[in-house]
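The structures considered in this document are given below.
Next, two complexes with subunit A in common: one pairs it with subunit B, the other with subunit C.
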Partner chain A sequence: MNEILLNINNLSISSMPEHKTLVGSVSFSVRRGEPFTLIGETGCGKTLIAQALTGVLAKDLSATGSIEFDGPNLVGLSGKERRKLWGRRMFLLPQEPRLALNPTMRVIKQVSEVLRYLRGQQPKNALKNAGTLISDLGMSSSRDGRHYPFRLSGGMNQRILLAIALATPAEFIVADEPTKGLDADLRDSAVRLLQNLVEQGKTLLCITHDLAVARDLGGNIAVMYGGYIVESGPAEKVLDSPVHPYTQGLIKASPENGMEPIPEHVLSSMKTAWNSSGSRQMEACL
Partner chain B sequence: MGEIARILRTHLFHGVAVGLVVASLSFVVVNLTRGDTALEIAIARHGTALTNEALVEQIRIEEKLDQSLWIQYTRWIGHAFTFDLGRSLVSKEKVADLLWYHFRHTLVLSVAAMLISLVIALPWGIFCGIFPGGSFDNISGLVSSALVAVPHFVTGILLILALSIKLQWLPVAGFFTSRHLILPAATLGIGLAAFSSRVVATAIVDVRGALFYQFARMKGLAEARVLLGHGIKNASIPVITFIGLQTAHLLDGVVVVETLFAWPGIGKLILDSILARDIPVVQGAGLLIGLMYVAVNASVDLICIVLDPCRRDPEAIR
Partner chain C sequence: MKVMAYIPESSRLQVATGAFILLSVALLSMIGPHLTPDPSTQNLSSVFADPSSEYLLGSDHLGRSVAARLVRGGANSLFNTLLCVIGSVLIGVFLGLFSGWYGGFIDATIMRLVDITMSFPGILLALLIAGLIGGGQIAVVGALTITGWPDYCRITRAITQNVKSRPYVEAGVLAGFSGRFILRKYIFIEILPQIAVLATLGFGRTILNISSLGFLGIGLAPPEPEWGAMIAESLPYLRQSPYLVLAPAAAVSITVFSFLLVGQPLARALKK
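Here is the complex of A and B:
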């Protein structure tokens, strides 16, 4: 078995008619069964990477480079071939749990249908196993499971999404901003749920702007700015002794460290460096 | 289910209010019509040749048309609230019996028209909704605009010309067998289908653009499974609301279509009664149609409550 599940090499994403580079030449790899965190500010291109990876990139964006997923390259794969991977090999946890769930279907059914149609379980068994998944995540399968998404809180809906992720046979889960809009307590429990995914043997790519999430998840991280990875390595090492001035600035800018703004000279020096290297992509971020 | 009780209560209240307004309006309209009502009734009952002044005066007293309008009005409203709609001035039959007989025919015609429209509009609209902006969708938009614009009597006459006179497949008019139902129902159904297919298409486009629909795909479900499990039910909520509104359109249409095809429904009854100055029948039919609207609205609300869990408990929506 290959130890590296995902190997991204020189991935660039640009908008189509203008050929404006939004993500420039990003490379990183994710080891099987480990968490990997992509961290950066809003607009730095991390969500685009998740979209290119799962194949839901907007039509006017195009990706070049290679995304090797357990061997074959995903860049340039047809929609149909992509579709075969969804739910079976990879799974994208969306940002908005409430909007991602069908408003007119009981949540337990939204979990059980995955077991039923992807794992071929009998309807009754699928429902029972979905109940187990839901109660394993600390909810009542008989009470909360029978509710519709609008009756559940954001945190509960997110657990339902995680139950769905666990129900799918997919080994690779991409979580896009899993802690967006959550307070500290809920954030901690969301991180525990993600850790739970990894414990269950899934490989996790977590996309976040929250340094605490990256620290708690562990594994490797990559810090992105303006469409580029500025620094990467084991979470502890990068977060405790950052080498790049932007990473240092980002850590100082986090709420725990007094929210000190990232110094302007750091940002402008990176801008100059990239401009001289021929990229016109920084505008997306600044 | 507190919400169902609340809806029934609201619509019961609406029913009473609509009944009062419609009963009053139909009384006013009937009495605003020019000409001598007693004379018209005499002609309708006995024919022009036998009608003379003595007969007209006799009818005026018999039917209490000599009393003041105010007294006639209060009598009508009072009776309407006890469901005593009086007797036809022409045939002397009970208005309630007349209405029930004709209402059944209209009901059959409307249900048939609705079924025809759904059989056409659902596949048509769903297909357009799955491939929006395609050439089929664009042509469909044109065709349905054209069909909506064509009045019922034109559609009806064209269908009669083509299917009854040219091809001789179907009877021109009457109501003796189920074959008689096809042409009038199709005339109404085609107009309805043209409109509903666009609503269905829009509903499908909306639901397919929803995040939960994309997510259902990400779960690995097959496209047909996604459409059946996550699309149809959600898309049907706006469609059913619209179909309820369309019933109003249908009730307009039945007057023309029933007259054209000699279908003995409520629309034809109204037209005949207006021409014959049969005041109690006109008033009773007006009241019945008004209450029909309320009943349809109530049913739409109830169906939507069954389909849409959010509406079952509106306070839970943030």
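Here is the complex of A and C:
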């Protein structure tokens, strides 16, 4: 078995008619069974990478380069072939737990449905297994499972989504901003749930702007800015002894380190460096 | 009653009355034909008889029992209406789901089809179709089904498009569910109540249309009774025996009215 599950090579994403580069030649690889965190501020292109990976890029964006997922290249794959991967090989953990669950169905049913549909389990078994998954995540399958999503709290709904992620046969989970809108307490429990996914043998690509999440998850991280990866490596190394001035600035800018703004000269020097190399970056960041 | 919870208190009595009348009409149409004499038997020695124990509502110009013809006609009209509504709903929902879900060329084609069908007044198109393939049950039901489906199709498409863009449907697609599975489990359930209400109102309209076609002579072949046809047959004797016209006319009015009684508050409740 190949140790590297996902290998992204020179991935660029640009908007179609204007040919404006939004993500410029990003390369990184994710090892099987390990978490990988993409970190960066809003608008740096991290979500675009997740979208290119799962194949839900907006129609007017185009990706070039290669995304090798367990061998074959995903860039330019047809919709039909993509659908074979969804849920079966990779799973995108949705951002908003409450909106991502079907409001017309009891949550245990939604978990069991995945087991039935994607794993071909019999209805009775699927319901039983769904109950096990839910109770493994610290909820009562007989009480909470019988509720509709609106009856559960955001954190509980997120656990249901994780139960669904665990129910799918997918080995690769993409979590886009899993801690968005959660307070510190819930964030910690969300991170623990993500660690749980990794412990169950899933490979995790986590996309976040929260340094604490990256630190707690461990594994490798890549720091992005303006559509480029500025620094990458093991989480502890990058976060404890950052080399790139932007990463240093980002760490100082986090609330626990005094929220010091990233120095203007760091940003402008990156800008000139990129401009002289002939590439164009995202306007949102610069 | 779970349904009643959705209806505002002020219109519950209205809905209950409508439902009661409808149930009675349906029951009469189902049981009536077994209790009354054969509706086609003529007795030329007792034409235009007054209501009596033998002829509950009197007899018509051929000495046939009006009561028997009324219940049998009701059974025919209601059954044909049911066929029309079921047909229209099936076609409309099916095409609407396709149209809303797949979009693009399929959507454009189906919507143009809807436009074309809706640009004709329903009854006119029905007349044309019935005129082309001749009268009879198949012609009437077919014609009204063909003119009836666009409403259901449009509402189904609108809801499908709306639900399709909700995050949980997108999440479902990304979780690997097929389009057919999502249409069945996620979208159909949202369409059902709207369609049910629309069909209730459509029922009334279709009865009216079927009666109109019957009145114009494009319905079931005589002597099989039908409300619209009964009115047409008895019209020449309106002065002499007005109840011959009034009985079927009242039956049509009451039935259509009760469908409105039930349907309108439901439609209003759904709009909120």
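A few points about this structure:
Here, the second predicted complex is superposed on the first by the 285 of 286 C-alpha atoms of A that agree within 3 Å, B and C clash if a C-alpha of one lies under 4 Å from a C-alpha of the other, contacts with A are read in each partner's own complex, and residues count from 1 in each chain.
Here is the rule we go by: contacts are C-beta pairs under 8 Å (C-beta built on N, C-alpha and C of every residue); 3 or more make two chains touch, one makes a residue touch a chain.
Because the structure is predicted, anything quoted here is derived from the model rather than measured.
When both complexes are superposed on subunit A, subunit B and subunit C clash.
In the superposition on chain A, A:83 makes contact with both subunit B and subunit C. By the touch criterion stated above, A:28 is placed in contact with neither subunit B nor subunit C. In the superposition on chain A, A:246 makes contact with neither subunit B nor subunit C.
Contacts of A:101 after superposition on the shared chain: both subunit B and subunit C are touched.
Once the two complexes are laid over each other on the shared chain, residue contacts for A:36 go to neither subunit B nor subunit C. Judged by the document's definition of touching, subunit A residues 54, 56, 83, 86-88, 91-92, 94, 96, 99-105, 113-114, 117-118, 164, 168, 170 lie at the interface with subunit B and also at the interface with subunit C. In the complex of the two chains, the subunit A residues touching subunit B come out as 54, 56, 83, 86-88, 91-92, 94, 96, 99-105, 113-114, 117-118, 148, 150-151, 164, 168, 170. Every residue of subunit B that touches subunit A in the complex is listed here, in rising order: 210-212, 214-222, 225, 229-230, 233-234, 237, 307-310, 313, 316-317. Of all residues in subunit A, those touching subunit C in their complex are 54, 56, 83, 86-88, 91-92, 94-96, 99-105, 113-114, 117-118, 164, 168, 170.
Against subunit A, the residues of subunit C that register as touching in their complex are 166-168, 170-178, 181, 185-186, 189-190.
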